[in-house]
Structures are given as C-alpha cells and as structure tokens.
Amino acid sequence: MRKVSFERNFSKHAEGSCLVKFGDTHVLCTASLEEKTPPWLRNSGKGWVTAEYGMLPRATGDRMRREAAAGKQSGRTQEIQRLIGRSLRAIVDLEALGERQITIDCDVIQADGGTRTASITGAWIALHDCLKWMEARSMVKVEKVLKDHVAAISCGIFANQPVIDLDYLEDSAAETDANFVMTGSGAIVEVQGTAEGAPFSEEEFLTLMRLARNGIGELVQMQKQALL
Amino acid sequence: MRKVSFERNFSKHAEGSCLVKFGDTHVLCTASLEEKTPPWLRNSGKGWVTAEYGMLPRATGDRMRREAAAGKQSGRTQEIQRLIGRSLRAIVDLEALGERQITIDCDVIQADGGTRTASITGAWIALHDCLKWMEARSMVKVEKVLKDHVAAISCGIFANQPVIDLDYLEDSAAETDANFVMTGSGAIVEVQGTAEGAPFSEEEFLTLMRLARNGIGELVQMQKQALL
Amino acid sequence: MRKVSFERNFSKHAEGSCLVKFGDTHVLCTASLEEKTPPWLRNSGKGWVTAEYGMLPRATGDRMRREAAAGKQSGRTQEIQRLIGRSLRAIVDLEALGERQITIDCDVIQADGGTRTASITGAWIALHDCLKWMEARSMVKVEKVLKDHVAAISCGIFANQPVIDLDYLEDSAAETDANFVMTGSGAIVEVQGTAEGAPFSEEEFLTLMRLARNGIGELVQMQKQALL
Amino acid sequence: MRKVSFERNFSKHAEGSCLVKFGDTHVLCTASLEEKTPPWLRNSGKGWVTAEYGMLPRATGDRMRREAAAGKQSGRTQEIQRLIGRSLRAIVDLEALGERQITIDCDVIQADGGTRTASITGAWIALHDCLKWMEARSMVKVEKVLKDHVAAISCGIFANQPVIDLDYLEDSAAETDANFVMTGSGAIVEVQGTAEGAPFSEEEFLTLMRLARNGIGELVQMQKQALL
Amino acid sequence: MRKVSFERNFSKHAEGSCLVKFGDTHVLCTASLEEKTPPWLRNSGKGWVTAEYGMLPRATGDRMRREAAAGKQSGRTQEIQRLIGRSLRAIVDLEALGERQITIDCDVIQADGGTRTASITGAWIALHDCLKWMEARSMVKVEKVLKDHVAAISCGIFANQPVIDLDYLEDSAAETDANFVMTGSGAIVEVQGTAEGAPFSEEEFLTLMRLARNGIGELVQMQKQALL
Amino acid sequence: MRKVSFERNFSKHAEGSCLVKFGDTHVLCTASLEEKTPPWLRNSGKGWVTAEYGMLPRATGDRMRREAAAGKQSGRTQEIQRLIGRSLRAIVDLEALGERQITIDCDVIQADGGTRTASITGAWIALHDCLKWMEARSMVKVEKVLKDHVAAISCGIFANQPVIDLDYLEDSAAETDANFVMTGSGAIVEVQGTAEGAPFSEEEFLTLMRLARNGIGELVQMQKQALL
C-alpha cells in the first residue's frame, strides 16, 4: 500500500475538509452543509449526504478536456460520484442528521490511480469534521449520525500477483481490477470487480477481497489516528 | 428465477436482434455493424464492441422523463451502458473482429427489475447473430471472435432470505443487491455489490455469488437452447 | 394500404397502450395520466393532452444516433410530436378531461415509412383506453371527453401513380408526399403536403386528399373493430 | 391582404438581402454564400440551399426568452426553418448551383402574424439577389438555377369568414389556419392546414386554397415589381 | 467619429426602443418592462436593469454561426451583455425603479466595429423611453430613476495615431483598443483597455482617455438632441 | 498588499506548474504543452497560448454549483479565462514558440478576492517553467519566446481610501474596482475599471493606476525571486 496521509482543515471556508494522499494521488475533499434537503425528502425528517467528483484538467499525465467546457460530466465521473455518495450514506443515520444536506466535493488535484478509493477514504474525514462543526453548534450528536468508519481500496492482479492500492501504471496493466468499500467493523458496502482482460476465477476474487479487508483495516486505523 | 425467453430476429433491419424477457422485464437488443472503428483504434487492426441503453418513458410504473427531451443521459443510464459494453468485450476477440464496430442497443420496452442483467444476457444473443450474419458474408469466423457465452443475474437479500433475479418490488425492498456477470465457463466478468441498507458480511456476499453462479449457468443453457 | 393491426394493453404499466403496425412500421403508443397540468392551465378547469415521439436507434435500415446521447431532439422529432399532440387535442374536450394531463408516448420500434401516421392512429387507441381506465375509476365519462375518432394516413405520387400509406422505399422515391389527419366524421384536422421534387398541381393534391379520406375511413373502422 | 413591401440590399455585407414587410410583420432575409456543401453532398456536383429562422426577443407583444440564452431552438423555430429551406429548394436547380451552399437567414425584427409566410416570400428576393451577385462574377446563370418564383401566404377562417394574411389577433382567434407555399406558375410546394379549434371540412379547405392562390399570385407580381 | 443617429420608437411592441447607428454599425435596442424582479431582489423594494446582446448571423462580413443553433452564447457575447447591464445600472436608482425588471435587448442588425459602444449609447435612449412610458402610467418619476446619461466610445492607436470610434478595419489593425463608458457629468463607469499587439504606455492610455471624454461628451449631446 | 508566495513544480505531471497564493486566495496554475495548434493557425508557423479558469465548488464561503454539473461555464468564468489568455499572449512571441499550443489551467483551490490577478501572476511562472522544460529538450529558447514578465493586481476605493489587492470583504464593499495587468517594463496590457456604486473621477482612476504600477513592480520582483 502506498503512503497515505490526511491533512485536515485544508480549506478555510468548508465546514469540514481534508486533503487525502494515496502516494501521488491527491484529492481535496470538502464537506458543505446546507439547511435544506432534496425535494423528495421535504418534511420527511430525514437529511441527505451526496457527493460530487471532479478532476483538474492536468491532474493526469495528458491534459484532459475540462468537463465544464465540454458541457457535461462524463459517465466515469457520474459513476464515481454516485459511488462516493452511496458509500457515505451507508454509514450515516439520515434521520439523526435531520433535514439538512451535506455535499462532499472530491476534487482530484493530482492523479496516479485509485482516485475513487482515496476520495471515499478522505471524504469520511471531511464528513466527520463537518459533523463535529455541527456538534459544536448543538445541531447534531456526531456519534448518533456517524454509525461507523468507511474506507475503500483497490486490489488487482498484476503480472499474476495480487496487488493492493494500484497506481496508474499497475492499474493500466492489471488483468483484473476490483474496488472494495468496507466499514470499520469489516462489513461490505460496495464491491466492484471488473475483468479488464481475461475473466477471473472465484478464488482470485476471494484473494483480492481478503487483501482489501486488511488494507481497509489499516486505512481505518489511519483515519482514527488522523482524528486524534 | 423468473421465466426467461429469447425472441431472435425481432427486428427487420438489424444484423442481429433479440427480444429478451426476464418475467415482466422486456428488453429489445439490436446489434448494428459499422465498417469503422472509434478514432483511437484506427489502423490498429482491432475492432470495438460498445453498447447503449435506454428506457421507454413509460416502461416503468410512473412515467419517467424522456432522456432525449431532458437533453442528457442520466448517470444510471451511462453506468449501465458502460457495464454492458465491458461485459461483451470480455468475451470477444477484438483482433479477430477486425476494424469494425458493433453497437448493441438495449432498449427497455417494459421494466420490472433486472433490466441491466436481462440486457447483457440478451445482448449476447444479438451479438452472436450479428456475427453469424457476418460469417455468412465471409467477414469473420464466429468461433474466432466469440470466445465464450456471457450472461448476468442479480441476487439480493430480501426479508433475510437470499433471492435471485429480483423483480422491482424485491429490488426496492432488498437490503443488499448484487449484480454478477459471468462467462459460460464460470469465470467472473463483473461483480457489483451494493448495500442499500445495512452493509453486508463476506458470508452473505459469498452466498449471493454461489446463487448467481447457478443462475448464470441456467441462463447460458437457455442461450444455447435459443440458438438451436 | 398495408396490413394494419392494433395490439391493445401491450404495456403492463401504462393506463392505456397499443402496439400499432402499419406493415413493417411498428409503434408502441402508451398513455400516461398525471394529476397535474402545464403551468399555463393551472386553475383553468381544463386539462391537456400532449405527445412525445422517439425512434429506437436501430428502428431504421441504418442505425441513427440516439437522441438522448446527442443531447437533443431533432427538428423532425419535434415536428412529429407537435403534430401528434395537436391531432389528439382536436378531438378531445379539455374541459371535460378536467385538470389533468395525459401524455402519449409514441416510440417507433421498427420503421418502414409512415411512422407519424401510424403514431396518430395508434395513439387514439391508447388515449381511448386511458380514458376507459379513468371512467372505471369515476374520473371522467369517455364519451364526454373523446368527441370523435382521429386517424392519419400518408399519400403520395410515386412513379406517376397516386399511392396510399407509403412504405420507406416509396416515400424516398415519391415526387410528392402528403399526410392527412382526419376525424371519424370526415373533417380535416391537419393537412401537410410537401413537394419533394417538382411542385404539384391542385388536381394532384385533390386526388391525394380523396385517397386519404377513404383510407382514413377504413382506419377508423379498424379502430372501432379493435375496441370490440 | 396587408400592405407588402420589399427593401432590397438592406444589408451591407450579405450577397443578397431583403427587408420584407407584411403589415407590421418585418423580417430581414439575408443570403450568405459559402464555397462548400454539407458533407453528404461532397463530390456530388450538387449544391444546397438551407434556411435558419429567428425572432428578436421583443419582436412580439411580450418579450420571449432569447433562444441563444435558453440554449436551444424551439420546436416551432425548427419547424419554420425547415419549411423555408424546403420551399426554396423546390424552385432551385441544385446541380446548376454547383457545389456551394446558400444559407438564408430570416430574422423577425417585428412580429404581427405570418412571420413564416413573409420569410419565404422575402427569402426568394434575397436568394435571387445572391444569385445575381454570383452571375456578376460568372459563377452561375440565374435563370438556370432559379426555376421559378416562390411565395407563401396564410389563410384562415375567422369569425366564420375566410380571411387571408392573418395578423396576430386574427391568427390567435382563427378556428382554422393554413399556410400555402406556391410557385409563380401556381403549383403547390407546401400545404399546411391545422384545425386550431374544430376540424374543418374539405369545402372550407378548398376555399382557403383558392384564396391563397390569388394572394400568392399577387405576391409574385410584387416580387417581380421589386426586381425592376 | 462616425455619423451617429438615433431612431426612437423603432419597435411597435417594446415600452422603449431605439435603432442606433454608429456609421455602418446598426443596433436595435429595445426595453422590456416586467413586473417582477430576479429572485435575489424579492421583497427588497429594489428593481433591476439587465441587458442581453446578440448579433444576426450575417451582421458581419462572413456569416457567423447562430448562437441559438450552437446551443450557447459565446464568451464575447456574455462579456458584452454584462458590460451593457453594468453601465446602465450605474446611472439608475434601483430603489426608485421599484420591484420591476427592465431588460434591454441590443441586437446588432449590421456590424462594422464598435457594437458594444453603440449598444450602450442606444440602450440609454431605449431605457429613457421605457421610463417615460412608465411615467405616463404614474409608475415612476423619470428624473428619480434616471440619475444621468451614459454613453460609450472606443478609442485606439492605429498606425501610430490615436483614433476614436474605430470601425471594423481600424479595430482589426489597431495596436491598442480601449472602450470607455462615462456619464453625462464626465465620471467614469467602465474602462477596458486591451493591448492587442504591443503593451501600451500610461501616456498613450491617457491620450485615449482624453479623446474618449470628448467623444462621449458629443454623444451625450446627441442623446439630448434625440429626446427633443 | 497581502502576503504573496509561489510554489513551483506543484504538479507531478504538468510541464510547468505553480501554486500561487495572494493571502487566502490560492490558485493552482498548470501549463500543458501540446504539439498542435488551433485550426486557424495551421501552417502559419505560429503557436498559441490559451487559458482556462475554474473554481472548486467550495473555494468560496458558500458552496457554488459545479460548472460541469450545470453544463456550462458562467459568463464570469469565460471573461476571466479570456483575460488570462490575452495577458499571457501579450508577452509571448508566438512565432518563436512554433506551431504548438500551451494551455494554462488556473484552478482556484481557495478564494478570497483577486482570483483573476493571482491567476495571471502565477500563470506567468507556470508558462516560464513550461518553456524551460521545452528549452531543456531543445524545442525553444526561453528568452526568444518570453519577451517580458506579466503580473496583475486589483485596486479599489474602499471607505474612501485607495487600497491595493482587495480581499473578498473589501471587494464586496468597494465603491470602485479596477484590475491592472502590466509587464515587467511597466507597460499596460489590460486595464479594467468598473464603478460598482457611484461612477468615479479620472483622478481617482489615476490614483489607482499609480498604486497598481507599484504593486505590479513588487510582484515582478517576487516572480524573479521565485525563479532563482
């Protein structure tokens, strides 16, 4: 696993924020609180947590077209931001949050593989700090809203070897690529396995899942460390 | 598993086509051949297989806004069509296809859960028949291009019971929902597991994967039957 | 005139639906009821009937780009869906409907010329069945809302001969092309005549109109038959 | 019929231009020549004539939203510009034009009903003058390219009386509304009849067509006058 | 400075309107009153003045793509319409206007350089006449709302000589180009200086500013003349 | 003036990059080299320098809507990125650059007023370092391409006092606001002065310009320092 770090309170304005680094992958996660919910939750007593994802045009080796200039978000962007949102909602009690919305923006400053897993892992810190901000204003109790940790890691088979936390080169060359999102208590939130080249066997998949379980355990420890 | 049927040659114009039904979920899959490839494959000697997905506005219980009128495809639509394309490419030899593109359109005529798994399973038939059409014109050898079957099924935990091929009601109420795409030889192409409510354990996930393996085995038999 | 058929209740979900076939042109018409009106009719006591039109990408001989992917509806699509909506409103008493909206979706599953005329003719059945569904729930009286039948047919001059219900080949080669929408009582709702090649004379036009009158008379009989 | 006038060479830049007035409806028509054709005509030896239509936001009684700000052209705009283009192509020999495109822009400076018929009638002058400009440069022979005049008029039934060239108030209140496009020799290019309220009878329609034939005859005389 | 003229009441429908000509640059300015404000001013007691800008496609030497067809307004268009709006608001008392919005549309009928300065100068007339229209209906007092005149002119350095009111040819070749917006009392509302080629010195800039001050003084005199 | 700093080589991938800080305003500037030019410069022997600008959604006190999600760039964004591009091109010899394009992306990580002036000032560093990278590969000579420094600063009148480098609070409350872009040799590249409230006098404007000249002189010294 690459070197992981969390820089809390990176942003002056956001209620919670964290610059997360998985090696050369750097993602700025900010949590923004709004005192309103999406229309379908009005008067339900429940709040909402959602996420948006973006990449700076030159976060990557070759410059990519700016999505704002292209006039739409790519399918990949939408897929990732939906995944981040679902992952966070899995460990949030939306009733305890109350009729509010927290939007987590995950913006990739520099990319080297694993941007979605770094985003989820850093987003949890930003969300936590936003809830702390709210707790300081007597709006919520953090432990009521935040039921558990959540973190994510990619695993793959590269040169016939199972590897964890693939960087861009490994990811591009991997035969198989899976992303795992798990809670602090080891339960599965999301599993996404994709055979890039040849389909993979159940045993290979189970090997990756075990690897991920260990890696996510470590990430959760680091999250706890970062909150001290 | 719900009643599954394939109606081949449903479309007068397409090189291959299939109306697939998983219970009340009906998807029309058409395969369209073009003698050109995407720009990034020009002069590579390789072809491409891609997919697009759509839903008629009243395929669902409540009418949904037409995506053409809304001016864009939803994140969900893009996620599904990317999944269908990846699933098909996993069992196609793109070099044997040659510099051509086959586009599989999966249009949901009526929806009752499992539209993405029905789409993948029916798309394989449409792709096969398109390749047969090409073989009849001495363009390819089907067995060179099509390396295996591919089919997909959803499994979930509903009322504490593992269930396969969830319909809309089961899907809406399921605690956990996973889609599996596997080949005829039992290898995994894609795994997508999502905890809608509470996160799930590894054992639960393995139960779902076993269930899916059996279901996909049956679907592959039905595909073979349909080709007779 | 080509073989015409109506398959009622084609859709499980829609309040009214009909798969209409004019030869190899197949259009699925669904009627969706909503208990709201467009903004400009609020508190007017009047309802609204509107239509949307679409074509599956491979309904045609060559695959066409999906309008949802292109990000907008073509001028042709908008022209046709406006025509369908006007044609239906011409035979509906919007006050008797009450403050509700019925949306008729006409989706071309397979195209071989005459998709707009088949759409109008089938849409009438879907609308009728939606009103019957409402009548069964004591919301309206069908005979109060639905003032007459409406049906449509194309006529043209092809190889110097007047022909009715042109298929794609005839339509492409026709010197002149006109679409007529008429009521059950023979009144004209819409006339659209277009000289594709040489302009046409008034006599030619009148020949086409007489041809259309007969054809629409037959279509109305078939609609009546289909309701039995 | 309202007072009609043509002001030729209204624009300093365009190859042909005409400010046409039908009463208080004022449309600026400009013809722009480009030495290229649409892709589907390349190397065909044929040219193309196309039209675009727009309205200034306050051309109308109430300000309308600017289409450029809305981000798309309305269905009505597209319908009208397609009609203008077809009408002009009906009297142009595209082979004699050669591989060039002439774009006629019809921009409504002030609207009071009949903008599409004024546009077609004025567009013919702009097109003629563009061809004259080309003839002066030995690019074409006008009489080879321009086979006939074309002009258009609306007719309707208003307060039970057939009326010609409806202004906005008449048009809004008309029971029936038809637009006719005819050539100088009296042949029909386009007929569009729409029952706004009650459907109309064949006799009513024929009355309108006769009225239109006379009106268009007068318009063609005025076009000839304007060219002197 | 080129010949300048104002044609008031050019439009039948608008509350105020003016066709302004700076040489061959012709802009139609219309003022449209609406009894509502933008959302952020609701219940503030203040109104709003805003502007939109457009060019007919063949206002220029080469036809430009219609922005409504392109689906968006260019950066240049947005820059200009924001400038016009700011310039007008600088001399309007928004509280004295009351909770209403006046939209000034500046549409370039023919372009030959200086379209933004002509637009601002003509827009003031249209705004004035709209306020007169309102005064006639006892809605406002003109002298309370309209605090001063505003007009604009471009200056540049062309062939080493300072020139005022550049036409298209001068503008294209100018080394330096500055637009000035000033009030009737000589105060500065906006200054925009851009070095097209080599950067310019402070003295050059001051020369242009003095030139502009004189020119704008003349324009304000002509505005006064036009109101007589 | 607030504390200014430049962090060069902030990005692993870009040919040149700089994180510039003007107080709490932080902008990441990256320079991306492409071996192609815009279409209108093909075979001209000249290259191009262009800029794009963006803001992370929570760079500001309240979260702003992501432009990629909104589907378009705001008028403000387009205005700023056009300004940055013009400012850089004013000090670049496009022929010495050769047929290549350098795109400068200025992405605001945190905003507190002056994002456009910080962007221009930091963009110069990124551009310089990109040219150094090219020089190391014998593609260009830096001193041939880069004719001078360029930097920018805002000045305004706040509480009746002239102030330089306004932060967000000062900017919001300023009566007058002007942005100046000047070269290392003190020549003016762009001047943009806007009266937010009352129009301003020529003397006030000259005061701001003198203030800016000093400030830009300091910024250029800091740029030089940063290159050591």
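Chains here go by letter, A, B, C, D, E and F, matching the order in which they are written, and residues are numbered from 1 within each.
Assume a contact is a pair of C-beta atoms (placed from the backbone, for glycine too) under 8 Å apart; a residue touches a chain by one contact, two chains touch by 3 or more.
These numbers come from a predicted model, not from an experiment.
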| item | value |
| --- | --- |
| Any chain that touches chain F and chain A | none |
| Rotation angle (°) superposing Cα atoms of chain D on chain F, nearest 5 | 120 |
| Separation of chain B from chain C, taking each centre as the mean of its C-alpha atoms, in whole Å | 33 |
| Centroid spacing, where centroids are CA-atom means, of chain B and chain F in whole angstrom | 49 |
| Mean-CA-position distance for chain D and chain A (Å) | 58 |
| Multi-partner residues of chain E (at least 2 other chains) | 71-72 |
| Contacting residues of chain F [partner chain E, same complex] | 72, 75, 78-79, 81-82, 86, 90-91, 148, 178, 182-183, 185-195, 198-202, 205, 209, 213 |
| Residue numbers on chain E that touch chain D, as the complex places them | 11-14, 17, 24, 28, 30, 32, 34, 52, 54, 56-61, 63, 66-73, 77, 103, 105, 107, 109-110, 112 |
